[in-house]
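In what follows, structures are represented as structure tokens.
Shared chain: subunit A. Partners: subunit B in the first complex, subunit C in the second.
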Partner chain A sequence: MVKPKHGFWSQIRESVPAYLLVLPTFAVFCVFLYIPFVKALRISTFKFNGIGDLTDYVGFANYWRVLQDEKFYSAFWNTFKLIGVDSLFSIGTGFLLAFVLYKGIKLKRFFNTALFIPYLISMVVIGSIWRIIYDPTIGPLNQFLEAIGLAEWAQPWLSNEHTALPAIMLTWIWHTIPFNMLIIYANLMTMPGDFLEAAEMDGATPLQKLRYIILPYLLPTFGTLLLLTVTTDLKAFDMVWVMTQGGPGGASEVITSYVYRKAFSTQDFGTATAASVIMMLVMVTIMIVAQLAGRMGGKGR
Partner chain B sequence: MKRRIKIGQSIVFLLVAMYSVISLNPLIWAILQSFKTEGEFLNSIWSLPSSLSFSNYETAFQKGNLSEYFWNTVRNTAATLVVDLVFITLAGFAFAKMRMKFKKGLYGLILINLLIPTPIILLPMYLLVLDLNIQNTLAAIVFPYYQGFAPLGLILITNYFRNIPDEVIESARIDGCNTAQILIKMIVPLAMPILSTLMVLGGMSAWNEFMWALISISDSSQYTLSVGISTLNDKTSILGYTPVFAALSVSAIVFIIIYLLAQRAFVQSITAGAVKG
Partner chain C sequence: MNKKALTLATSLALVGTIVAGCGSDNNSAGGNGNAGTGGGDKDPTVTLRLLTTNPLVGEESIELFEEQNPGIKVNYEYVPTADYSAKFAALAAGGEIPDVFWTQSGFYTDQIKQGLVKDLSEEMKTKNYEGDQVWEETFIPALLDNARNVVKKGLGERDNYDYGVPFTMTTIAVLYDKTIFDQLNITPPATWDEFMANNETLKQAGYTALSMHNNWIDWYPRLFWDQYTRDELTSNPNAFEDGTMSFSSESVKQGLVSFKELWDKGYFPSNGITAELQAMQQMFVQRKLGQFLIAPDKLEYIINNAPKEMSLATYALPGIAGLPSRSLGGSSNVFAVSEKTEHPEEAVRLLKFITSKTHFSEVDALKYSNSGLNNIESEPELEQFLSGFTNAAAGGFSPDILVPTTINTQISTAFKTDLLPNYLFGKISLDEITEQLQKLYEETTKN
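Moving on, here comes the complex of A and B:
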């Protein structure tokens, strides 16, 4: 900007090849993300059953209705429970497994593949299999508990309001661990060897290497995985829908199943969209806070 | 000292082995059930199948419309992958290695996607698909799937491309290569490992996607496996449990096989690069 040669328009002109390469992506995003998103904001201020034009403007009434709905709060809370439990156990276990594979283990290639398999099966298929596993009569879980003498623990896992959500969480974590493992493992493998060699020369113990080299090296990876976990879990739907449809009595309802039910069971598209906009605002707030916290933490060092 | 390490290693090995068994057990159990007769299954869920009979698979494919769901899913996934890989490679290279005014802003515009919960745009997107008159066509599946996969794919490939030294690209430019040649001759071969990873991830999300397919596909002859399977769950009383297990096994196993094939290519691409490099 100081040199006249690098003026605004010449910079734009230099960027044309790059713009051409990102054009297909932005074309798709315009049609299938930005325009629908703006339209959604409009729909959220109308009473709308999905047919015809938007005529019945109601202002923020849809938002108020959502904010007064207890079921919305419980769906909200359930979603955040899922995010919390998933972040902790899935990334944690994923790191442990990745670390073991990185350090080397017999049959490493076999484990590398076998451990990844649960992630390859679709949520719908997993949900269907685990639905049968949790089944009160023919389900293996209850039959197993009876076989080892814990018959009093046996119960209709998915239709008991206290166990439905934990049962889904367990299945969910089982599915997500391999993804976290794979990404952490890939990052460990690209860790420059000289870091560790230098530490070894200085006589670092394995624990010190883990604490002062490996974990700090992986910190950005953990950050990315956390972000992906939050955004994926926020969209949780398939498994919940197949296993419980949010039941019993909303005990395992998550935001997305709440929105789906509002839209496609009660045809109340205005309220459904308003609920998802509220969810997005909360999301964005969390992200901004996380960013600020990260920046403050960075300065603290 | 050495002995202690050995014992430690065996304990770790045992733990990992146990974890693998527990982790794979639900799938293996479901596959075993798919070979039993309905009577055998109801009699004991632990017993092994008395014979290797594929009759449940026949029932699932014939009475459960599984073959139709299956081929629809194969077609959707293949088309989505072509779009995914081409679009992401182009955009990722531009973001990582090219001069671009407003780069950060544009990258942000793509990552914004991660903040917009899917349900917000599902309904307007559905109305749009109706307006454009593309319901039940490939376009109504492929582009929304690309939109969903692009942020993750772009993060991964942009980070990967950033690690390629600028000098490599500069020297190719000095040798007279244009951007297209650099992309095809240099970047794509170098990117094989990340591309096969993206193929697995993108293929999987397309193969498994449920919510958009459930909402947007109105013609039951266009149903995907996910939608078909979800309707099968409620048909256990008509079809019986074991054909449902067969259907579940098919849709789980096919992708595992694809992954195993891609994984081999993935390993080969790494070793090939190492030999040449």
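Moving on, here comes the complex of A and C:
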């Protein structure tokens, strides 16, 4: 009778092909993620202008400097405003559009494609187009407002400290709605028809079907979309930079533009890297909290 | 067993591919590498890299240079001024500084301090590009002094101040449309009061009176400081360094107050804080902007796109405090050679070409610019149109670093993108902006 091999080394030997398959990915992660991350951690403890060697060790002074900078908190707050508004309106509108498509309308295929187009356009192009739309002199938005007798509403949307961030948010939401719509629509299409048929036989009204069947069915999808929205919006940069560069006077500064400005405009790479590390810690914390909340929600159900 | 062997072979192939991909091919000619001889050992062509934010040094210039210097190939790269800082920092971090590059006060002194710029003092005493004069002597002396003063002010007394050479004599003047002025019955102002009266007339007639955009937002305060602080800084040029003056000095505050007054009166475009230069150019050709404070190298778009009925002219901005007006600019465009260039001789030759009579007289794009060279004359018609710039230059130049908001990138960025906009919005007070500037100045210059 052959004794089965259960020793550590024999298990390792058995798994060599698997390790070799993982190795390329691991190598890529090391080269492009882990090693730069460790280097970034090191840079964050030096006064460094991006040129030459790291010689001026300052310990945690860069972190302290970032945490004392009210512009950093303002940028963080703006980022979370964007996340909040985007989550609410983009997922909400995405659901409404998906629901309309699910219920069936004429030219459904056309609308399905047409509504998805904004998501296919690059952020930089969208930012440039909307920058022109918002232009106070040559922009069609103000011209439209003037044409319909609302001239007093016309203003420099991107240069007004009160409207710059909302204007960016609107553009951002316009861009993200199609993705949310598509995911929700795909989930609606895979919803088993039995649920709705049973509800119909029990005499449920359309509103009751929505409230007690469709929305609970989509709840995990909303959770996933919320998580994706948070992670995407925390990285928001290109559109903001193209439209306002975080201006005027920091009114639309988000955390990524803050980091970029510190690194490339003021050449303070040490502080910029410290801000990036703090941002990463916040992202990881959000992820962990979201995972825990998801698990607790799952157990509750 | 076969399945296992197949998996193993696939894994090894994948690892091999990754390793091969990560390796460098020493035989290939790297497109992004430092200057080198292109096309292998047999080809004697030297390849130089040139980085510029100044569109006047463009493809036409490079074509002409390559045509006249068959052994030298130039890889030319243009970046907008707003992106220069990021671009240069990335190149420097990667050890990829171009052989010849554009720079400006703020960046320039930092680059010298970091040993990135070649000392050109010996080369300046050699023959110019055409070989008929000493290179140094081809420049208008005031322009060269202006460039040297930037180094002196930023780095203190040293043996040599020639690390870069000025390209064009930048002057700023006010561009306007004569037909609009005639319609409104106004004339180019000779005094500040006349200027303000014109602004009001233009505003009442529905025009945006004055240009402003994000990258040049500090021009007005700097012009005002040149007037208000001139006496103090002429008698003691090191007043900021020795603490005699600070950002809280009355004359400095006065410059900021005057700028805010213009803003509060509504003479600037409402989008001026975030607008790009192009937005102002478009407004001007659409006849929505009455007066455009501009440098001559940015005129080309307007001249090419101005409606036929437009009649363009320029005048020098009068001094706000009644002193003779001086222009900003001077040597605000500097070209330098990288300390690490592998081809210093060729790089210097390119630099000599950029600042040569040949370049200025044979490249069309340069016809609106003031070469800053001794030996070039413009066409009479053009001379008349550009008279505002000529008059502005005649008054001399405000030093590049006067009230030191341009002394380094940290102060300059904070001033232009944060403090000044928030001061105009009324979110921070006059005392707050001056205190913050002083704090930044002390923090960033203490070493």
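As a working rule, the second predicted complex is superposed on the first by the 259 of 301 C-alpha atoms of A that agree within 3 Å, B and C clash if a C-alpha of one lies under 4 Å from a C-alpha of the other, contacts with A are read in each partner's own complex, and residues count from 1 in each chain.
Assume a residue touches a chain if its C-beta (ideal position, glycine included) is under 8 Å from a C-beta of that chain, and two chains touch if they have at least 3 such contacts.
Values in this document were obtained by computation on a predicted structure and should not be read as measured data.
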- prompt: Given the superposition on chain A, which partner contacts more residues in subunit A: subunit B or subunit C?
  reply: B
Message: After the superposition on A, what does A:Pro140 contact: first (subunit B), second (subunit C), both or neither?
response: first
- request: Check the residue A:Met296 against both partner chains and state whether it touches subunit B (first), subunit C (second), both, or neither.
  value: neither
Message: Quick check for you: in the superposed arrangement, does A:Val100 touch first (subunit B), second (subunit C), both or neither?
response: first
Task: Identify the partner contact of A:Ile117: answer first if only subunit B is touched, second if only subunit C is, both if each is, neither if none is.
output: first
Task: Return first, second, both or neither, reflecting whether A:Pro17 touches subunit B, subunit C, both chains, or no partner chain.
output: both
Message: Going by the contact rule set out at the top, does A:Pro156 touch subunit B (first), subunit C (second), both, or neither?
response: second
Task: Could you tell me if A:Val31 is touching subunit B, subunit C, both of them or neither one (first, second, both, neither)?
output: both
Query: Where does A:Ala263 make contact in the superposed view: on subunit B (first), on subunit C (second), on both, or on neither?
result: both
- request: For A:Leu219, decide between first (touching subunit B), second (touching subunit C), both and neither.
  value: neither
Task: Go through subunit A and flag every residue that touches subunit B in one model and subunit C in the other.
output: 17, 21, 24, 28, 31, 50, 138, 260, 263-264, 269
Task: Using the touch rule from the top, collect the residues of subunit B that touch subunit A in their complex.
output: 9, 12-13, 16-17, 19-20, 23-24, 26-27, 29-30, 41-42, 45-46, 86-88, 90-91, 93-95, 98-103, 106, 109-110, 113-125, 127-128, 143-144, 146-147, 150, 152, 154-155, 163, 179, 197, 204, 207-208, 210-211, 215, 225-226, 229-230, 232-233, 241, 244, 248, 251-252, 255-256, 259-260, 263
Field: Contacting residues of subunit A [partner subunit B, same complex]
entry: 8, 11-12, 14-15, 17-19, 21-22, 24-26, 28-29, 31-33, 35-37, 39-40, 43, 50, 97, 100, 105-106, 111, 113-126, 128-133, 138, 140, 143, 174, 177, 186, 190, 224, 227-228, 231, 234-235, 237-238, 241-242, 255-256, 259-260, 263-264, 269, 272-273, 276-277, 279-280, 283-284, 287
Message: For the complex, give me every residue of subunit A touching subunit C.
response: 16-17, 20-21, 23-24, 27-28, 31, 49-52, 71, 135-138, 155-156, 158-161, 164, 244-250, 260-261, 263-269
Message: Quick check: in the complex, which residue numbers of subunit C touch subunit A?
response: 4, 7-8, 10-12, 14-15, 17-18, 22, 82, 85-86, 89-90, 92-93, 110, 114, 116, 208, 214, 269-275, 279, 282-283, 286, 288, 409-410, 413-414, 417-422, 424-425, 427
